[in-house]
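Read from first to last, the chains carry the letters A, B, C, D, E, F, G and H; within each, the first residue is number 1.
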Amino acid sequence: MEVKKLTQLLTAFKDGSADLEATLTSLKHFPFEDMGFAKVDHHRALRTGYPEVVFCQGKTHDQVIQIFQALEKHNDSILLTRAEPDLFAKLRKIADRLLYNETARTISLEKEEREKTGSVLVITAGTADIPVAEEAVVTAGISGAKVTRLYDAGVAGVHRLLAHNDQIQQARCIVAVAGMEGALPSVVGGLAPCPVIAVPTSVGYGSHLGGLAPLFTMLNSCAPNITVVNIDNGFGAGFCAAMINKE
Amino acid sequence: MEVKKLTQLLTAFKDGSADLEATLTSLKHFPFEDMGFAKVDHHRALRTGYPEVVFCQGKTHDQVIQIFQALEKHNDSILLTRAEPDLFAKLRKIADRLLYNETARTISLEKEEREKTGSVLVITAGTADIPVAEEAVVTAGISGAKVTRLYDAGVAGVHRLLAHNDQIQQARCIVAVAGMEGALPSVVGGLAPCPVIAVPTSVGYGSHLGGLAPLFTMLNSCAPNITVVNIDNGFGAGFCAAMINKE
Amino acid sequence: MEVKKLTQLLTAFKDGSADLEATLTSLKHFPFEDMGFAKVDHHRALRTGYPEVVFCQGKTHDQVIQIFQALEKHNDSILLTRAEPDLFAKLRKIADRLLYNETARTISLEKEEREKTGSVLVITAGTADIPVAEEAVVTAGISGAKVTRLYDAGVAGVHRLLAHNDQIQQARCIVAVAGMEGALPSVVGGLAPCPVIAVPTSVGYGSHLGGLAPLFTMLNSCAPNITVVNIDNGFGAGFCAAMINKE
Amino acid sequence: MEVKKLTQLLTAFKDGSADLEATLTSLKHFPFEDMGFAKVDHHRALRTGYPEVVFCQGKTHDQVIQIFQALEKHNDSILLTRAEPDLFAKLRKIADRLLYNETARTISLEKEEREKTGSVLVITAGTADIPVAEEAVVTAGISGAKVTRLYDAGVAGVHRLLAHNDQIQQARCIVAVAGMEGALPSVVGGLAPCPVIAVPTSVGYGSHLGGLAPLFTMLNSCAPNITVVNIDNGFGAGFCAAMINKE
Amino acid sequence: MEVKKLTQLLTAFKDGSADLEATLTSLKHFPFEDMGFAKVDHHRALRTGYPEVVFCQGKTHDQVIQIFQALEKHNDSILLTRAEPDLFAKLRKIADRLLYNETARTISLEKEEREKTGSVLVITAGTADIPVAEEAVVTAGISGAKVTRLYDAGVAGVHRLLAHNDQIQQARCIVAVAGMEGALPSVVGGLAPCPVIAVPTSVGYGSHLGGLAPLFTMLNSCAPNITVVNIDNGFGAGFCAAMINKE
Amino acid sequence: MEVKKLTQLLTAFKDGSADLEATLTSLKHFPFEDMGFAKVDHHRALRTGYPEVVFCQGKTHDQVIQIFQALEKHNDSILLTRAEPDLFAKLRKIADRLLYNETARTISLEKEEREKTGSVLVITAGTADIPVAEEAVVTAGISGAKVTRLYDAGVAGVHRLLAHNDQIQQARCIVAVAGMEGALPSVVGGLAPCPVIAVPTSVGYGSHLGGLAPLFTMLNSCAPNITVVNIDNGFGAGFCAAMINKE
Amino acid sequence: MEVKKLTQLLTAFKDGSADLEATLTSLKHFPFEDMGFAKVDHHRALRTGYPEVVFCQGKTHDQVIQIFQALEKHNDSILLTRAEPDLFAKLRKIADRLLYNETARTISLEKEEREKTGSVLVITAGTADIPVAEEAVVTAGISGAKVTRLYDAGVAGVHRLLAHNDQIQQARCIVAVAGMEGALPSVVGGLAPCPVIAVPTSVGYGSHLGGLAPLFTMLNSCAPNITVVNIDNGFGAGFCAAMINKE
Amino acid sequence: MEVKKLTQLLTAFKDGSADLEATLTSLKHFPFEDMGFAKVDHHRALRTGYPEVVFCQGKTHDQVIQIFQALEKHNDSILLTRAEPDLFAKLRKIADRLLYNETARTISLEKEEREKTGSVLVITAGTADIPVAEEAVVTAGISGAKVTRLYDAGVAGVHRLLAHNDQIQQARCIVAVAGMEGALPSVVGGLAPCPVIAVPTSVGYGSHLGGLAPLFTMLNSCAPNITVVNIDNGFGAGFCAAMINKE
């Protein structure tokens, strides 16, 4: 709870416009709606300009739909990640203007189109990394960032990356997505004058260990301007990139 | 190599002010000085405002001193990390105005004091995490950021953290440093309206696995605004925080 | 074997009411019924008030049914965990009054309703952790505890948890269930005046490692009042919570 | 923050005995003393009867001494764990009535002797596990529990354990400490009518993996009444055992 | 190649009954039949009394059938492990007297019944470990051992094991099969006057790690008379047990 | 980019046959064709005699087909690895002269048959390792090497390997493929006068860890002439073997 | 407890030569002597011919000496493993006829020389594996086995092993000790007509993982007659080998 | 044993110039000298031009000296790796013309200087990787290769590497040595027309895992011309590079 809100609550209590019980209740119940199986946040004023997000994996369709309906009343933009096509088929029956990105597995709702600003560049090492990259692209976009894609630019053919150096120089934040050995962020980090968010993917086999290999590659990078998110976490990378881009 | 530099080189070649051999040589030898055991970069124009950095661990004292001397001719600010006291004792004999932070194990040189801007907040979960946090503080500072410390605010006593919520609300970027279970960034991430860089530390024992436990905690955080650096990598966190702070 | 039982056996042998062979046989065969593929315990006097439990995973339906029938003759309450719906469909044909909790995947039999006492609080970090939590709820309940649920109260929105602080203060034992980064028990442990049993779940992806990430988070917690059970082991947590609640 | 304390603060504010600024300050600064490198808690009313605890590992001697002095003013019992002999030598110069347990590496202060109640049994599998067990013994004792030791009763000679079955039957909580294969808690759990807290130790070699082997053994135990703490965490086991013992 | 065989070959060469080329050929091609995708051994005189064994997993049905047919010409007993029912259905059409053990997933052929000797005891901790145990039982049996089963005697109910102590005392070799925490061999090893072969199984969940948990438990056992085979390797345990039993 | 090409570009620019814009464009776009989701290399002059390769796993059929069509215009030989039968069914409709190796899961195109030279020997430890070995055979063959197979020659029957010692002595490079314990390369390395490329396979179970066990075996080999590729990476082994064979 | 002993106790109780209390005492205290920090076994009749063993690592010198003195009164042969020279220096002052094997780090006492029987062969892959092998040699010897050494016979020079094939053929049990890749047991197992006990050692570096690499190699061996003990556990291997040798 | 040698032995036996016993003896004892703790190979004709090598780690100084003396009688070049300065101090007293490379920790003896041929390029990512690289340089050199060094050319400053592209184009084999994230070989592999041997080093910290991070990076490389050796195994890389260089 922020200091400002606390001050308002206390002042209302003192001047009699709220009694003790009501004040305590406000402190407890104000910021979210309790649905039993989920507590849905409203009015997350702290982060203006970002969508409400639902991570669908591990939730039943019914749970997702109820959460969506609660959010839809109070929010202008909503993002559902890890959403399979059949969930989308159900949701579109009860809601208009939903967009489904099949590659990214995202469902998004933007009640009114906002102008996109800044410059986020999303790079992948290979073609198979594109689904994770697209999740980042969708997330950064709905969070207000202008996004450019640069796909299949892995370092085993480093000229493919160098040829797009001008895009690297102009970005405010770069998302570098790579499976296999995950070396892309190290080379990008050495070229880029901005923060690079590295996303390891589960694309690979054998000693790739489901993405742990590129994850460790990225965490151990010699380039100083690299931070890392979880394996396949295109959402987190896109969200952070939009936040950095906005600053 | 940037397009602009390449354009200059090619133009000089075309108008005769540089011949073929000289142009090839420029392309090869321009950006660094070769010392045999190290290739020292100069004029890293892309990242104005950041120090040149030497990671001392694994290098002999003689190697560090030679690298320092090469850098010192061309740079206004230099940072040496993982520097033990006896290395500092040697270096201070050949260079003025060096500062040694014993907790952070850093040696820093700023030829002229720059104004610090913005707001980076460095939080630790415990007292034993302070050395890593100090490395972040020194690095962010020499890279131009105004830095605030908030130490020993771990989540097992969450009121210690909540009491400083105003600092969290005002930061442009937060560095959250934690060993043991590494839960601090998740709570901070939920409160903060800005990017949080999580730094796991090797402080712990048993199933802590030298810092892998808090590392995985941070990578799996539910908060969307968290990215992670390597265990004990206070330098990387401070560098990225300064970069985000500057944008 | 307890001293008391051994004393009885020896006394019966000495006073002639049991001969040598019979005494040896008693020592061997008394406490369980041998079914070849399973040895079913009866009269577990030591733990009055707890159900007999069958872990169904890895057993054939026929084996479970035979074990159930052997137990049903001698016990007032029986709990089957990791039970799929088709197993329940078979069992209900041969037994009355069975309850199936589809979320928890438990089948339970209580011949006569017992009064529930004390106060066990079961908290989850997210919605997807509910199946494991429900296994704990069912187990603690059939073991005699009064149980309260508090779901989707993860620490990345710490106000959701703080709003229910009064429930935390009133519990005799808390079960804290969390996947992803597993930070919930650390914050709960810092608030609670009672023992907290932490249950990591397999809810997550990437470096979550099937639940090892939250498991290690919980084992490394700074809060002193936390103990941990195996990943997804709602049963064990519920059983121990009931035992602590009863003391 | 508890509801009761919050109510008091709000009431004082309303009736004018505290102004807004003071109330906010109380909310922020009340529960701990900020020493820069550490935030020391006072008046942890929630857990009456437990000592304040300092984990010394990773802190400098000066830091520990300052924390001790801050705690000593407000608390009746203090426990320092992972304390080496030379730290004790320094502390005894500035404080009376300190006790040092060399095997447990604990320093403890009890201003007045309290009566010990209930029954906690601490069992070790081998002789080399005793230091961890002693940390549990000291911790449970200073937290108010009557403690009994049963050492070197590993399951490879199961008669050594069975011979003490009466002690197992009478305990309210058992701490089972084992390195090597860590099988002790499984057998104890099968015999005991009370909760068993399992403590893996780093005693072993080869595939023991610094204690991970017995840790996983204990987490996978078939006995339902077992919970686990971190490797070598005698303190946590002793603290929880005392808490369960008290209920 | 044994010295005796080499001597015979050399003598035949010297006395002219074999020329150089033939001798070299013998050295190369004598001991096995080359089928391109497999090299089938015949006349493994060194290990009289053991069956030829085919590990079916990873081989196509056609490959197994061809290998079986090559073996069947020269051997009195053949064992196929990891054999699924449909493979058995194919094989029984081309061969008589095959036995299929569905639990063990073994197909066995014994052209004439041999007397079984000695005493191998196969113990399991739980019901779900029986398939692995049955593979050991079938293997030890076809290798000439008299085998006794003792199933569901895990250490969390140690009286179930102690009740069969006489069987343990009379065995020449014991195979102890356990999933979950894998503590069974430690207790058995402490009781048994003979070698114990420990078999971890993949029965378990969570931190069980597919059987690594009980594997490490067994490798770290304090009992001195325990050796270990791979997870689920009932075949290897049964083979070695028969070999030890025969000595 | 090679020096030679750079020299040509610069000279063309200087003598006016190319202007600045064209030169920059050449530097950027020359070496590959951008398809959005993939950047296809042409004219990889550096490695004459090797096919263009497409790793199909993780790509959609449409993506593979478009890449194939782009490559087919400029290349004489193309290799597709990890290609399932249904992909082959689609491709053969749009292209002639494609060969499918079902065991290796490769599709290959050689526009004109080249003479195969040198001597690469591919050995497997078992029958189940053959699919990986066949991928190596196909790759080395299309890369110009004469290849010999030696299958099912594992070291647990070391005479099977020794019988083919002459083949080992005559090879210019050996590919040794093994799952299970992966000991084959150590023995082959000790016998062979040439480089041995070791390929661990995922053939095994239990503590085999999906191929990590033989991978570590091979990396730790005492034989000095062994290098290792990723688990199941028959392609990489075949490619490197052909390269060594050609030198 | 064996049936025979139990029968004697019960009979003595019945015929009045022992009263109830004495009988219970016998059942509890008979088999070991309680020293507080250790419970020392006497008269382990079940395993006639084997020494009492003390694992010194993790015990203080005083503890070892007291245990030794307790054992020395009742036993003819005692073995102390992991014993450093300074412990031996202390022990020899209070006991005669102790032998110290510096390579094996064992102290052994045999009150009267027994005839050694059978044939145990101990093989090492390299020179650095000898300390572990010597522990096996000493243990098997004091347990009654005739032992032969064959050192530095690793499989990267397989002729060194084959040259000693006659020794392999004549052994009743083989102990195969190997660090690095640990391939030795697979080749030995293929040659030997007897059980092979594989001992991985911590000799190696890098991906050797402190012995886990050869441990997994051995567990995954294709040879059917191999069982495995813990890393560096020469004692366990020697003990089991003697037991198998004796049968 | 090669066919040729076997033929000679058999012919000598047949024509009477060797009797049966002598022939068997030859087969057994010919290829090495048995020193008890080591079996020293002589006349390794198969690999002409390579030194005899002694891995000193884990051997006593006396053992190394005896092995060296045995080798020195029959060989023209000898290489001792992992040799500490004090071992060199001892050896130089008994042998002439020994060279010690302190960085590589190698002692080498070349009785007569051989001409070095071909072209092996050894690249490091950083300065701290030089010791491992030097071991490769020394090994490749004594094995007959002409070697060039290119140090501190890591990919986070990719221009440092590209500037030396001509050296990369001219090499017959490249050794790429890298700690930290280990991305160097991927970029080098993409540029080089020859085989690249990747050597991970233990240079790094945190999630670097003692070199496992770069090891997995290299194994998962997208570049097809890369094979990998063990962490810090400069010797193996240098040996294989020389072998490839010679072909």
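Convention: a residue touches a chain if its C-beta (ideal position, glycine included) is under 8 Å from a C-beta of that chain, and two chains touch if they have at least 3 such contacts.
Note that this is a predicted model, so its numbers are computed, not measured.
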Need the most distant chain from subunit C, centre defined as the mean of C-alpha atoms.
H
Furthest chain, CA centroid comparison against subunit F
D
Can you check how far apart subunit A and subunit H are, centre to centre, with Cα atoms defining each centre and the answer in Å?
49
As a quick test, compute the distance in whole Å between the mean CA positions of subunit E and subunit H.
41
Please compute the C-alpha centroid of subunit D, do the same for subunit H, then give the distance between them in whole Å.
53
In subunit B, the residues touching two or more other chains are 1, 3, 27, 126, 157, 162, 191, 206-208, 212, 215, 219-220, 230-231
Which chain pairs touch, all of them:
A-B, A-C, A-D, A-F, A-H, B-C, B-D, B-F, B-H, C-D, C-E, C-G, D-E, D-G, E-F, E-G, E-H, F-G, F-H, G-H
Complex contact set, residues of subunit A against subunit D
3, 6-7, 10-11, 13-14, 20, 23-24, 27
Touching subunit E in the complex: which residues of subunit F?
126-128, 130, 151-153, 157, 159-160, 163-164, 179, 203, 205-208
Can you tell me which positions in subunit E touch subunit G when the two form their complex?
1-3, 46-47, 53, 162, 165-166, 169, 172-173, 191-195, 197, 215, 219-220, 224-231, 235-237, 239-240, 243-245, 247
Spell out the part of subunit D that touches subunit E in their complex, as residue ranges.
125-126, 154-158, 162, 180-183, 186-187, 189-191, 204, 206-209, 212-214, 216-223
How about subunit E: which of its residues touch subunit F in the complex?
1, 27-29, 31-32, 35-39, 41, 57-59, 63, 200, 202, 210-212, 215, 230-233
